[in-house]
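Both complexes below contain subunit A, partnered by subunit B and then by subunit C.
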Partner chain A sequence: MKYAYYPGCSLECNAAAYDNSVHEVADLLGIKLQTLDDWNCCGATEYFSQDELTACAVIARNLALVEPQVNQLVAPCAACYLNLKKTDRLMSDHAELGAKVNECLAAGGLNYKPGRVTVRHMLDVIVDDIGETAVRDKVVRPLTGLKVAPYYGCQVVRPIADGDCTEYPMKMDHLLTWIGAEVVDYPVKAHCCGGHMTQISEPQAFELIRRLLQSAQDYQADMILCMCPMCQLNLDGYQGRVNGFFGSDFKLPIMYFTQMLGIAFGLEPKKLGFGKELVAALPVLKAKLNGQFALS
Partner chain B sequence: MAEKIGIYVCHCGSNIAGTVDVEEVARWAGVNVKDVVISKDYKFMCSSLGQQMIEDDIKKEGLTGVVVGACSPHLHEKTFRATCSRAGLNPFLCQMTNLREHVSWVNSDKEAGTVKAKSLISAAAERVKHQAPLEPMRVKVNPATLVVGGGIAGLQATLELADAGYHVYLVEREPSIGGHMAQFDKTFPTLDCSACILTPKMSEVGQHENVTMLTYSELEEVSGSVGNFKVKIRKKARYVNYDKCTGCGICVEKCPRKVIDDVFEVGMGHRKAIYTPFPQAVPRVPVIDTANCTYFTKGKCQVCSKICPTAAIDYEQQDEIVELEVGNIIMATGWKLFDCKKIPQYGYGRLANVYTNMEFERLCNAAGPTNGKIVLRDGKTEPKSVAIIHCVGSRDVKTNPYCSSVCCMAALKLEHLILEKTKAEVYAFYIDMRTPMKEYEEFYQRLLEEGVHFVRGKVAEVTDAARMPDEQGKLIVQVEDTLVGKQRRIPVDMVVLMGAIEPQADAKEIGLKCGISCSMAGWYTERHPKLDPVATMTDGVFVAGVCQGPKDIPASVAQGAAAAARVQGMITKGEVLIEPIVASINEEGCSGCRICNTMCPYNAIEFDEEKNVSRVITALCKGCGTCVAACPAGVITGAHFNNEQIFAEIEGILWDAKPQTEKKELQTAK
Partner chain C sequence: MAAHIAEKKGTFLEEVIEATPGGERLVHCLQCGSCGGSCPSGADMEYTPRTLFAMISGGDREAVLAANTMWACVSCYFCTSRCPQNIPITDIMYTLKRISIAERRYKNTDAPALAKTFTDFVDKYGRSYEAGLATGYHLLKRWKPIQLMKMGPMGVQMFTKGRMAILPTKIRQIDQLQAIIKKAKELSASEKK
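For the complex of A and B:
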């Protein structure tokens, strides 16, 4: 199966581990990802709060770049995913806006017909298109004994949860059971990580991060698995600061779900971007997977 | 004889006239449709003046056919047929065409609406010329009635008919009659004991000489039509001989196998593998649950058989099909509770102390698993605080858009019971408080005074993720209090979800068996939502209770009685007129291929071996037309729907699609 691929800015630097593992896992599952040529930033949350037309035009440019013979665009980053999906929907629901966006695109010789491209998250592609049997078939190193807390964040499931429950999503839960992990059913899996709040008000942001870490720890999770670079950055990068702020002692590795998928598929941790996280994950894997985890 | 057609176009106030130029339609038809001698419009054609006008015209002009362009034939076909009949014109020479539901109500463009109305009038006029006078058939009404469902609505209907002296077959799927009402502790707003008012009715039904109870039985098949239905009932094997059993209950007492009761006790309590659902069950004859019975699963035990003083246990019993003949059917099949797991953020099934309202009813019930003590899942701790969440799975576009109508009152009742039985603080989370019936609002006022904390807002989630020290070990209800305009987190020990009332899972399937349909939400569709709430589109089939839409006990009882009254009317009259719209086979052309025999969904075609021809049994034929279409020789005719009539109708509707020259004339005429 062939998909256009939109990495987004985060996956080029701070979330490089996500990008590495997405590609490794996709190759193994036969998902052909073709990176968009000359893609541009989706504008994150900022553009939309400034000017809708500009935001839509900037985002629609990426949709317009998808080759005519491909109609699926994969975006692993939650913000990119939502922005692309939202723009497509805004353009089809509001024909006037759609026309204006296309006027903007025309300046670059581009055009986008709303609804032509379906924007997908990597999780949906693996769960819905590849499916349980194919995933289970590829597992060579089941994650038996490892307790993982799937963390969805807000943007992938809100407001548009693709075939999942907005309030209490289950897709990643299912996927993780397919690879043998013990999934922790903790109550805050779709609560907000604070997003950019760390830049605005640290006490507020740290409290949001603390709640997530606390709940996962209360439910005895060994690690939290993310599907969004922002979530991963907040939970991993600020974990030390949160500990300092609250006097807590969290030590939870925060990984991307694709990284653990890769481990279950027997791929090299290094190729999957292990080691780029701040709270080291490998010691936990070694301890929990009972020595069956041979590291090179 | 030259045809003389009269056209009558109704304004229906502004219902039709608002989007159709009725005067123009009438004028146009008078000029352009062939054989039309009179064409009129009128404000309300169904009024007595309107009808009188048609009657007078028929007599004066000697009309040979009448076309009424008005509302749906469902509403007024009978009216206008009767009008014609009174004036001496055969009622089947009256054709109605729907200018309201098919034109004005679904269209906002007056010009386009007017053109479409003209087409429909033209079609009806062309058709009516080919219609033949028909005589309705008279059929005797079998005085026996089938009631499906032994809840309170079905029981009431049964008793009304039985007391009036008519025989009733009461079919109930569960081992006992009683329905959901038997599970409740108290009833709102009077707080009288549910069992105390229900069980007398149950035993009355059980002992009534005019009632044949068929419990643990399901409706299998319905054939025939009003007055003469043939019904097949599957009596599921009880493995207990109904006639020999005295209901002493010793088998239940001695049965060594204890099972969680998922039906009557909604998982909150136990029963035995041989059981009656509750002590006051009617009948008292138990059933064996073969999935759990030690003898059926392991081949050993037979304690019940050894101990039964009347040798009533019969492990070899099989399902039995009982065939009944009845004149009318009352459907009172009830409801099921919304699956609260479908709203996962409320934690049901995940967080131990989140309950459904039906589970909580059993907790409150003195005859329930805790003898009426309100305790947490550990079976001993009394909650210090309880949250009741209204509208779980109702008034919610993601699950059910409708209001379940009884849950506000049921919640108030449960809140009162908590205050009465415990020292707990009670929080009620509601969207809107709906207490519209007699003495309901007063009950709400009473609860306000009793000190329930009412919080207006839809609950976002119920979680065990504590943030504050006082939230540790509690269930936290996160809600936007829309009266205060603030987010609140309220820690409680127990949460009760007021699950929505939903149609039975197989309501659609069961409805199809007797020819009734369901609304979008799955409730049985009544003949008219305001003026005929107990009859259905199928003559002789009536609905009562929640299967027609959410309602409380008084309304269910009223509807059960109303349905019974309608059936009594039919029985007293003694006969019904059946539309003569049936198929007939021209025996001379029939080759005896018998294709139609197997196609007929009503088994209404018999085969004459001697003459080698098929023949329609008129009394069973519903006029569906399947055989007409299937006959390879084309010798089956459907009365009132023959080829001539249909082709004429099509030609009429295509009046403006005639060859170019003719079309121009028509347009100028317009």
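For the complex of A and C:
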């Protein structure tokens, strides 16, 4: 099946590991991703704080750019995913707002019919469209004995859950069992990483990050797997600062779920963006999985 | 219910409802407190959403717009998905942020400066620009050079790992995006008059 692909700004550089591993895994599973030509930033939460119509119009330009013969748009970032999905919903449910958004798009020679494009997250595509059998078929290096904590964050599962639970989502849990990992069942898997709060109030943001790291560690996770570049940045990039702030000693690798999927499929760590994380993951993988297979 | 709706004409409650898609659910608030109890930032708020909604209904516009509630909100949508009355609480927080920014009512928060710095780059390039955001926001808008220095080592690490671009990326059809944004801002401005 062919999907339009909206990488989002983070995946261009900061989360290049996510982009690389998404493409590697998609190729192997036969998912055809066609990058949306000349896409623009979704605005994260920042336009919505200032002007709703501008927020929707900026987002809707991307929906309008999806080619007529494609009706599915895949976004790997939680903020992009929600913004695209939410704008499509707002335009459908509130016709007056939808008309205004189209008036804005018309200034750029574009138009979008609400409901035409279905916005999907990469996790949903792999779990729902590809499914268990096809995923299990590709596993050559089952992650036996590796304890992974699936971390869903907020904006993929709330407020619009795509067939998963807003309180206690399970899709990544299922996927990780298909690739042989030991799934850590911990209570904060859909709690918030703080989003942009690291830039506004560090004490508030660091406490939210600490809660997640602490819980995963208490439940003996070897690593945390993310499905959003903001979550990865907060948990990985800020882990050192959080340790400094609280006097803690967390050393938890924070990887993207697609990176570990790629490892299970036998792909090279480097091609999957391993090494870009600040808290190194390969030593943990080698310690836990050695003897089962070699990792370069 | 009709009488109840009629009573809110010209009130702050009506203003908030009108500015929020689905905002009419606000009149159904039960004051149950599920929102504040679910909020990861509840402890940092002067008033939890429940209290704030009572204040909105009471017409206490000044105090609501000066509150830190919406600025402590991290948009995690726990309140929205748990609200038994289907009130779009996170979206109401966005509405309050917008009114507070438009009238410069906010206090003790750099969130409006972050939002403006972020969207200025998107207006200009069509993409977000992390290196520019970090320097522009902490130095120019916020004037907190110490903050930038505290972030320095992490920034260097991100850079050496190839996770921070020095230069921004610009989309090809930036003129098209800017025409769309210009139109949106015009329409929004004409509506506020």
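Going forward, the second predicted complex is superposed on the first by the 295 of 296 C-alpha atoms of A that agree within 3 Å, B and C clash if a C-alpha of one lies under 4 Å from a C-alpha of the other, contacts with A are read in each partner's own complex, and residues count from 1 in each chain.
Keep this in mind: a residue touches a chain if its C-beta (ideal position, glycine included) is under 8 Å from a C-beta of that chain, and two chains touch if they have at least 3 such contacts.
Computed from a predicted structure; not experimentally measured.
By the document's definition of touching, of the two partners only subunit B reaches A:215; subunit C does not.
Contacts of A:107 after superposition: subunit C is touched, whereas subunit B is not reached. Of the two partner chains placed by superposition, only subunit C is touched by A:40; subunit B is not.
Residue by residue along subunit A, subunit B and subunit C are tallied for touches, and C comes out ahead. Residue overlap on subunit A between its contacts with subunit B in one complex and with subunit C in the other: 167.
Residues of subunit A touching subunit C in their complex: 9, 12-16, 38-41, 43-54, 56-58, 61, 90, 93-94, 97, 100, 103-110, 154-155, 158-159, 161, 166-167, 191-192, 194-197, 199-201, 204, 208, 237-238, 240-241, 275-278. For subunit C in complex with subunit A, the touching residues are 19, 21-22, 40-41, 44, 71-72, 74-78, 80-81, 88, 90, 94, 97-98, 101, 109-112, 114-116, 118-119, 122, 126-128, 130, 137, 150, 153-154, 157-158, 161-165, 169, 171-173, 176-177, 179-185, 187-188. Residue ranges of subunit A in contact with subunit B, taken from their complex: 165, 167-168, 170, 185-188, 211, 214-215, 218. Looking at the complex, you find that subunit B touches subunit A at residues 343-345, 347, 350, 461, 463-465, 467.
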